[in-house]
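Next, two complexes with subunit A in common: one pairs it with subunit B, the other with subunit C.
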Partner chain A sequence: MLLALLSSVLDAAPAVVFAAVGATLSERAGVVNVGVEGMMRAGAFGAAAAALVMPTPLGVLVGVAAGALVAALHAWLCIQGRSDQVVSGMAINLVMLAFGQFLLEAAFSSPAGTPAITQLPKWFGHSPLTWLAIVLPFVVHLAVTRTPWGLRLRAVGEKPQAVAAMGVRVTRLRFGAVVLSGAFAGLGGAQLSTAVLDHFESHMPSGLGFMAVAAMVFGRWTPLGAAGAALFFAFGDALRISLASSAPGLLEVVPQGVLLALPYALTLLVLSLQRRGAARAPAALGQPYDPELR
Partner chain B sequence: MRQCAAVTVTIALRHIKKRFGSQVALDDVSLELGRGERVALVGENGAGKSSLMNVLYGLYGADAGEVAIDGKKVRLRTPADALAHGIGMVHQHFTLVGPLTVAENVVLGREPTKAGLLDLPRAKAEVAATCARFGFVLDVNARVDTLSVGSQQKVEIVKALHRGVSTLILDEPTAVLTPQEADELFAVTRRLSDEGLTVVLISHKLREVLSFATRIAVLRRGKKVAEVTPEESTQASLAALMVGEREAPAAPPASTPGDVVVALAHGACGKLKDVSLEVRAGEVLGIAGVDGNGQRELAAVLTGLSRLDGGTLHLLGSPQPSLTPRAARRLGVAHIPEDRLHHAVVTDFTVAENVALGRQHQAPFAKGPRIDFEGRLSRTTSLLEAHDVRPRAPSLRLGALSGGNQQKLVVARELDANPKLLVAVQPTRGLDLAAVDAVRSRLLDFRAQGGAVVLVSLDLEEVLALSDRVVVLYEGRVTGEFTRGEFDERLIGERMLGVRDA
Partner chain C sequence: MRETARAALPSVASVITSLVVCFLAVAVLRGGLEVALDAFLAMTWGAFGDFPRFFDGGTSAAVLRPLGESATKAAILTLTGLSVAVAFRVGLFNIGAQGQLIVGALAAAVVGAGVELPTALHVALCLLAAAAGGALYALGPALLKRYRGVHEVISTIMLNWVALSLVENWLVTGPLRATTTGDNSIAGTAQIHASAELPRLLGDVSRLNAGILLAIAAAVALWLWLTRFVGGFQWRAVGANPEAARASGVNVGRAFISAMLVSGALAGLAGAVLILGTEQRYPATIGAPYGFDGIAMALIGNGHPLGVLASALLFGGLRAGGTRMQLFGVHKSFPELIQGLALLLVAARLMWMKVSDRLLKPKGGP
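For the complex of A and B:
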């Protein structure tokens, strides 16, 4: 039972890990990203649709690109357009929700999901993306804490004027971070449709993107913290699946809806337990940068 | 040492023009800077000093005109261009990243690397070497937000010097420093300029301009109106050039203090540790101190915004164990808060609505439960007239007024309630000279009519100019008390830094 639980965490966690780690990049650069859900959805759909006509690994790359493309829209609205970043992110979620459904019905005339594709191969019992999800947080951690790019990223989210005064282009730096964030979310979405399942389902990613944002906050805007929190939340999800499958009798006592809500309830519980003020967001988070205003 | 007559011109700004919307910030301004010169730019707020330097630093694009360095025309479109040409700038509001260390802040934008990774040990060594070379004492490992304001400013200067700049622009560098820190800053920059660094100083403080600069350019309303040497100038002559025609404010006449209005005994609240003080009717009590030594908490306690953790407060003779802002107002406490935009006005409301704020339930602003539009309008109109707030437009959005006029309106509103005590925090910060004079003379008028004023200001000159008595706060305690006649700027400065009698 425990081994099965662990195994299902390894399948469920990568999507949230990728998205949460990606979200830290955008937010450390000072751009709020609550559009993770929509970016994941773009990645999930893009990967599944592309994998129908090309090898699945290439499809995953298409999913990554789709996530990045949606993020580029968010970046453009927030950085060039100086729109409200929360509104832009939520708008992206809503638009992608509807757009995904539209494409499903227009291209596949099936509201439930895309046709089945060849799943990603398994390495040691899990998809390669699972192993990538273990390595990537450390790579991103290294990039954020130990590279010039990471130093600038951390600085631009705290005080963009400082970065600009030192001759670094604030808009370019932020744009890159948001697009990268979307690419990670797209990778997470692709993992859902090419590794967890073998097709895109109409409700994907069904709130995992929001869970990723919560993981990022719980992980205090650090890549390793966000990955750890994502793992914890995925555990809640795995626990639900494992409970439902190993003890079907439980369903007669507990309504299924309660079980379905388990991971989300866990997210809420943990966020409410977190000591207030312990999580400090980047100082310039959510503020558009105006060079002639200081 | 001085070389006023025949300096080699290294940077020439020629016929610079810059507009912001319909407002002309710079109108055909030319300025030359020679190697090793110390040029001061003076002028009122909005005269164009900072705009001119922001053009030179590549932050603003000029609408017309050109910049030449060593006789060659250059394009400075970003700070990176300016830095590449050896021009560095220390801004009035620091551009430091608080959670990063001194070393990280200094190398930001040009970081040493090893195999693609940030080489922090080398960064620290390089920054430490720069500090040592120019005589700055800084811990390169310290987080910048743990440093004092004076040290943060050193970090800003080290940032520029680390880039190897040959021209350093200082925008209002002493606004937040104690006199001692300011002296140290000028000593260091003077030495650097003797070694060939060109320094541009933007300052309101004419005394420091006269003692520091080798040449002074005066700007007025976007135009350069004069270029003088300190030898041929006095504070009065510079002030006259800056504003055109204007009288200097007279020193306040001696006060005749009346009854005790405020009596605080062993007050404690947050950063305020143990402060006892008294303010009487008809006097101005100045609170001097470096930012963050309990002044903010003191003002909050007096206006009911914060509750005392310890000690007792008496207002007009009655004890106030649990003062609320509303109760304070009813007792006759008026407040000019430090941050006008956050705590005094609503910029999206009209001028008249802002005048009614806080008294919206009383005549003449209300009739029973309804707003009295006519009463509000007539009261606002008379206040605008009496306090010379321009334009005289009660239904204009407040945000459309200049900062000086907004502040004049706040003062007008607060004094209109016939208070007994006025708590004024940084009442003239960021205002132009005309507005500064207007606000200061209102405070003195109020005092002459028997009002008590508590004046909290980081600008020691202001405190000394207006106060009958000065209390110095350091780390939440009173480290000195002076009455007019025994004001000694050096001594007060030492007390502000916590230096006690030897």
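For the complex of A and C:
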């Protein structure tokens, strides 16, 4: 029972882990990323569509590129265009939702999903992306906390003018962080369509992008925290699904809907209980960089 | 006049650009300009009245039915758009219109089915319940912002999913599910009483209901409030610069909370119009992300109540007409792509401002 549960977490969690860890990169650099949902969708579609004509692992790379491309649009709007970052992110979600449907219809003449592809191979019972999802948060953690790039990234999200004074190009650093964040989200989306399922479904990722944002906030904008929160949410979800089949009586007492609402309610609770001034969002989050300011 | 033109130009230019891009996309992916032209014409007739058929000796229904469908959609888009726009005016980003709409819709469905009253009173009570539900659901983020410094974008995103999960995965399928009679298992809550239905404006020709009148009234009232009343002026002052507003004696916290309450109430009303006007019960799922469409309406309408109304009338029309594009192999959600792209382009406001400065610069001036 417990082993089966853990096994299903290993399959379900990576998408949210990748997206949540990616989102921390963008936000630590000071760019709000609520467009994760749209970037994941791009990755899921790109990977599934590409895997129809090429080996699936290459398709996953196409998904990563698709996520990065969408993120580049977000970055361009937010950094070069100094648009409102939340507006840009939500616009990306809405565009990708409709664009995915349009492409499905136009390219595959089917509103429900793409044709089936070969799934990613399994290593030790799970997709390679599962194992990558275990390693990657630590790599990103080290990169953010121990490298000069990571130091600059964090500084640029707190006080960009100070970093600029050191001779670092703020816009380029932020652009890179946002694109990388999109690549991670794309990888998460690709995991959905190439490892969890074997095709792209019209509703993908059906809210997992927002769950990634919740995990990032829950994990207090740190890669390890975000990954941990994503795992925790995925575990809760796996538990709910397994309870539904093994102990339906329990769900009479605690309904499924309540369990589904739990990750978001918990995140909100943690946020509202936290002391003012405690570890929180990067100081310059959401503010366009203006080189004129000091 | 020049100022109005300058403010409206990014929106108008974005919508036109988006229409052109999407037209070309259909032409490329569906084989030729003629197909695209036919598809777009079908959408236009489906949106604003089938005039060719009308002048060809058709009945007035050929024009009235599409217009009715468009106005029905526009009513909901207007209300959610106003909801987002009013929060914008005090500088808050209410992403939670979807959650507030769900709560309002549920409140309307419960009061509509559970209470028996004469018609006018019943509708009013349902609308009131929906507005109160939406407002209460928006009060949480406002208080968290005011007293705990929690960013409203995060809290409203979380509350959207809380509302969706609790209502659609629990209440509607569990405690509030309509009791089933015989073989007919009805998804969603019980049917509302006839006395709670919004009156139909066009009889049997269309589903058009009084919701559109409510939406227009709300837009005009909000416009008057923001431009003619001290309270509305204070909201705008807070939105423009909270520090300056505070320094000149405006109670910023109260402005945040009252604007958020109005915002939530408007989203709740949108839910009520959906239930009392078209659905007649809370269905198994609302399905469409009307609350997120509200963000698009608010931004394309440039945060101006009448701009929101105009934008909702346009996109309500396109979306009603979009179903006719299916004949040309284009999914009925295509107008949502036009809308999303227009929103993305509006987001690049700075770009349009540069264009408009160049176009509208007084001749000979600096």
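Definition applied: the second predicted complex is superposed on the first by the 258 of 294 C-alpha atoms of A that agree within 3 Å, B and C clash if a C-alpha of one lies under 4 Å from a C-alpha of the other, contacts with A are read in each partner's own complex, and residues count from 1 in each chain.
Keep in mind that, in the parts below, a contact is a pair of C-beta atoms (placed from the backbone, for glycine too) under 8 Å apart; a residue touches a chain by one contact, two chains touch by 3 or more.
This structure is a prediction, so every number in the text was calculated from the model and none was measured.
By the document's definition of touching, of the two partners only subunit B reaches A:E158; subunit C does not. Once the two complexes are overlaid on the shared chain, A:G125 sits clear of subunit B and of subunit C alike.
When the two structures are aligned on the shared chain, A:P248 is found in touch with neither subunit B nor subunit C. Touch criterion met: A:G150 reaches subunit B, while subunit C stays clear of it.
When the two structures are aligned on the shared chain, A:A283 is found in touch with subunit B, with no touch to subunit C. Once the two structures are superposed, subunit B and subunit C can be ranked by residues of subunit A touched, with C on top. Of the two partner chains, subunit C is the only one touched by A:V87; subunit B is not. In the superposed model, A:L77 makes contact with subunit C only, not with subunit B. Counting contacts as defined above, no subunit A residue meets subunit B in one complex and subunit C in the other.
Across the complex, subunit B is touched by residues 142, 146-148, 150-152, 154-155, 158-159, 161-169, 283, 291-292, 294 of subunit A. Those residues of subunit B that touch subunit A in the shared complex are 20, 59-60, 78-80, 83-84, 89, 91, 93, 95-100, 104-105, 107-111, 113, 116-118, 159. Residues 25, 29-30, 93, 95, 144, 148-151, 153-155, 157-162, 165-171, 173-174, 289, 292-293, 295-296, 299, 329-331, 333-334, 336-337, 339-341, 343-344, 346-351 of subunit C are the ones that touch subunit A when the two sit in their complex. The residues of subunit A lying in touch with subunit C in their complex are 32, 34, 73, 77, 81-84, 86-88, 90-99, 101-102, 104-107, 109, 111, 207, 210-211, 213-214, 217, 255-258, 260-261, 263-265, 267-268, 271-272, 274, 276, 280-281.
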